[in-house]
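In what follows, a structure is listed as structure tokens, so that the remarks can point back to it.
For clarity, chains are labelled A, B, C and D in written order, and residue numbers in each chain start from 1.
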Amino acid sequence: MSRIIFFLTESIRALSRARIPALISSITIAITLLIFSMAYYAYVNLIGYSHEFKKQYRIEVFFNPDVEYRQGLELFNKILLIDGIEQGDFVDKEDAAAIFKKIFNKDVIEIIGDNPLPFGGRFEIDEGFRSASTMNSIVNEIKVINGVDDALFSTGLIMRLDRLVSNILGVGILIGIGIFVISIILVSNTIRLIIHAKQDDIHTFTLLGATKLFIKIPFLLEGILQGLIGSGISLLILIFLRSLLFYILGSYRMIIIEPVMLISGNIVAGCLLGLFASHRSISKYLK
Amino acid sequence: MIRFENVTARYTQETGIFDLSFAVAKGELVFLMGPTGAGKSTVLRAIIRDIPIEKGIITIDKTDVTKLKQRKLPSYRRNIGMIFQDFKLIKGMTVYENISLPLRIVGLSKKMIKDRVTKVIELVGLKGKENSLSMRLSGGEQQRVSIARALVTEPDIILADEPTGNLDPIVSDDIIDILQSTADKGTTVIMSTHNYPLIRPRKKRFIELNDGRLIHQ
Amino acid sequence: MSRIIFFLTESIRALSRARIPALISSITIAITLLIFSMAYYAYVNLIGYSHEFKKQYRIEVFFNPDVEYRQGLELFNKILLIDGIEQGDFVDKEDAAAIFKKIFNKDVIEIIGDNPLPFGGRFEIDEGFRSASTMNSIVNEIKVINGVDDALFSTGLIMRLDRLVSNILGVGILIGIGIFVISIILVSNTIRLIIHAKQDDIHTFTLLGATKLFIKIPFLLEGILQGLIGSGISLLILIFLRSLLFYILGSYRMIIIEPVMLISGNIVAGCLLGLFASHRSISKYLK
Amino acid sequence: MIRFENVTARYTQETGIFDLSFAVAKGELVFLMGPTGAGKSTVLRAIIRDIPIEKGIITIDKTDVTKLKQRKLPSYRRNIGMIFQDFKLIKGMTVYENISLPLRIVGLSKKMIKDRVTKVIELVGLKGKENSLSMRLSGGEQQRVSIARALVTEPDIILADEPTGNLDPIVSDDIIDILQSTADKGTTVIMSTHNYPLIRPRKKRFIELNDGRLIHQ
């Protein structure tokens, strides 16, 4: 116990004496954590954004032309109960005519004197069901309902969105791994340089009979402390960026990561980074 | 007891020590003499296993230290107190911390460390400098720290590499007195030096090297 | 001249003696350049992607119902000549009926016995004109043409795309600046650590009467050399990543940055980074 | 000529040099004596402007060097050859590179550098070690490199801080002979040392310090 306290006070003292190297490696860790946090934040928001974009996933349903208003409503409610349907709009003859007008710029009643368009519905899809394959099975389910003439969704758009989202997710994971590897390399390099400058001292320690563990522990503790300081710096910057973001994009809807999770994540990741990097580096000088 | 048998340790083809054989008894104080580049430091570094030994055997008491496994080295070295020619102080540590380092490596209690360190600090005349960083000391003060660090563990062997180069003759003599008295208590001491006038009056055994070869013992 | 050669050989020698620090700072520069290049690559491709996406920018034109086939074709060709129109499809009565069928799932002729739908056209827009405002002015230009009943484009979608693209561009520029700043900090920090370890030597140099410039030059040259090595490493990795990308996404269309530009960009950026960072760092130790 | 007038330069309240006044004539060789921590190195560091001077005036020839601007320091220091107590060699440079460094700083041609460096290398007895890295030298060899580096520029002033601590008495005497002969050619030399026996036979003027204060000149 007293040894642990000794090592701890020792490494705090070491840090305060070699302030520049300690600060530099803390900054490197802070930058790493910052990039981590922002990448994670961007990732979470991208997924959120893509979900929002997918809100336009819609199934259009046409009822048989002989389906009357009341029967149409019944069909509409029946479809609403199908798994995967989030909500829907009932499309009556007038709505259909309006759509016709919007597309062809002609009044269908003016042309034919009657409204030949059928009742129908427009349904939005639950988040979990927004992929081409699940929507296909929903459509098939709707089609077999008595009184339904046809159900359609725009496959092309959805396929494209699907592809885009999975591309982004894939690239995101790749980038994540890349950032992770690069972080470790950068932090290791920084700490390695610090230890490189101390190799004479390390040699002296071994000549005095110090075991590898005895030499390692202070460096590992220093690494952890630098990780702590680094996570502190990164959190300060993150808080600043967060307020900045709110200030600039005030009205914009952004998914904010829970503070508790962000703070604990940063601290844990910082300490692990510092520990791992200093372990890796010191081991190179203690063959 | 320290015994060299046909020891060769080279840096390059022509520099190092060659085919050295000599012995130093337990509790003996022996001087290692020779001009610059003779190989005095190399002999001491060979004993502490700081350089690879190419040939020959170095026996301490009954063990052949050239065959010691890497992981046995720390405990072996803890029994040796070495005063390095270039001091090898930890720059960022204070005098107290530097001197207490070997004791902390051994794992002594804080109180015992304090007792012992205070004693050697007084012995080498560094009282009042305990909390100075070692890089903020004069040359002679640094050398004293190095001497104190070697003495503090009360080791079985002391290897003193030119321990008085930055000290005046009176202090140097005091230091040799200290080494002599530790030898009298059973510690084997090898001290390298060029300072013939300093050791001449002592009429001690000396080992003389030149170009890495023994020329007198 | 001989002094320059002297300094150069000197710094090459220094690098070869202090291999670990030199390698570490080269790696840091390499990572920086890698991130730069990839960010630039991603940026170029995103812009390309957004342009491709914007291909769906279309103006729908409806002619008066009394416009006959030949007159319709004339109108169509007239519109094609308008600035900003890239190409177009002529929509005849049959096409319109097909669209009607697709949307309402009903045969218009079956319903009315006649095809009341007008001729029209569907026009794609030149890249440079793909924004809500320019499209609006094109539409107005079309509307005044004799025989044109109406011209429409889906404002909402275009607005949204416009916003998305400009968001991506804005965020991209922000990220670019961020990467730039972080790169400089990271490379400076690394080189600063190396110089920090040499401060005793620097002090000795000043005691020997060396001017600041004399002390600086070798460090600057080393910085440039490290930049060169770093850009070499980054180019090797980029070439590897490029082949990997081709292997994985073979069929996919990707905009590849010109090799000459990539190579020269990396080398120049690497040297500048090394130079700037070593200048910044050494200046801190030469007050 | 070097003249100190009431010079005070402190590290802490009680360490440093205090109210020192003395003068050394041009072409004179003077020894600076005193026990460890007396302030010998501090005096020499004050002359080369390596520490801030709190009070007093240090005049060299006719200029008050305590008032020299920062940007005048390089050319001022080029006229001083200092042998540092801790050598201050550039570890990563060879013997040749270390010794030629001051000449390269001055900007001499490659050929002239070669001539001069070869000469001093022979003078201090380092022939054959030209291409050794300075960290791969014995203690005495390192000290010789430091001496050679101070001599190579043929400066107006030589400040030798304990230049013989790692050399044997015969070589030490040779070094002092070299310093004496440079002094005879007009160079002002101040050499700090504790080695009374070494300098006693020379019957030279010496300045003695204790606790940072002058006690004899």
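The rule is simple: contacts are C-beta pairs under 8 Å (C-beta built on N, C-alpha and C of every residue); 3 or more make two chains touch, one makes a residue touch a chain.
Everything numeric here is computed off the predicted structure, so don't read it as measured data.
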Can you give me the shortest step count from chain B to chain C, moving only between touching chains? 2
Would you kindly say which chain has the C-alpha centre located farthest from the C-alpha centre of chain D? A
Approximately how many whole Å separate the CA-defined centres of chain A and chain C? 23
Please compute the C-alpha centroid of chain A, do the same for chain D, then give the distance between them in whole Å. 66
In whole angstrom, the CA-centroid distance of chain B from chain D equals 29
Whole-Å gap separating chain C and chain D, where each centre is the average of the chain's CA atoms: 62
Pull out every residue in chain A that's touching 2 or more other chains. none
Among all residues of chain D, which ones touch two or more of the remaining chains? none
Quick check of your reading of the touch definition: is the inter-chain graph here a line, ring, star, complete or other? ring
All pairs of touching chains, please: list them by chain label. A-B, A-C, B-D, C-D
In the complex, the residues of chain D that touch chain C are 48, 50, 73-80, 82, 84, 88-92, 101-102, 104-107, 109-110, 149
Chain A residues within the chain B interface of the complex: 2-3, 6, 14, 17-18, 200-201, 204-211, 214
Contact footprint of chain C on chain A as seen in their complex: 20-21, 24, 27-28, 31, 35, 62, 65, 96, 99-100, 103-106, 111-112, 116-118, 149-150, 152, 182, 185-186, 189-190, 192-194, 196-197
Interfacial residue positions of chain B with respect to chain D in the complex: 11, 35-37, 41, 85-86, 125, 136, 138-141, 144, 161-162, 165-169, 171, 194-197
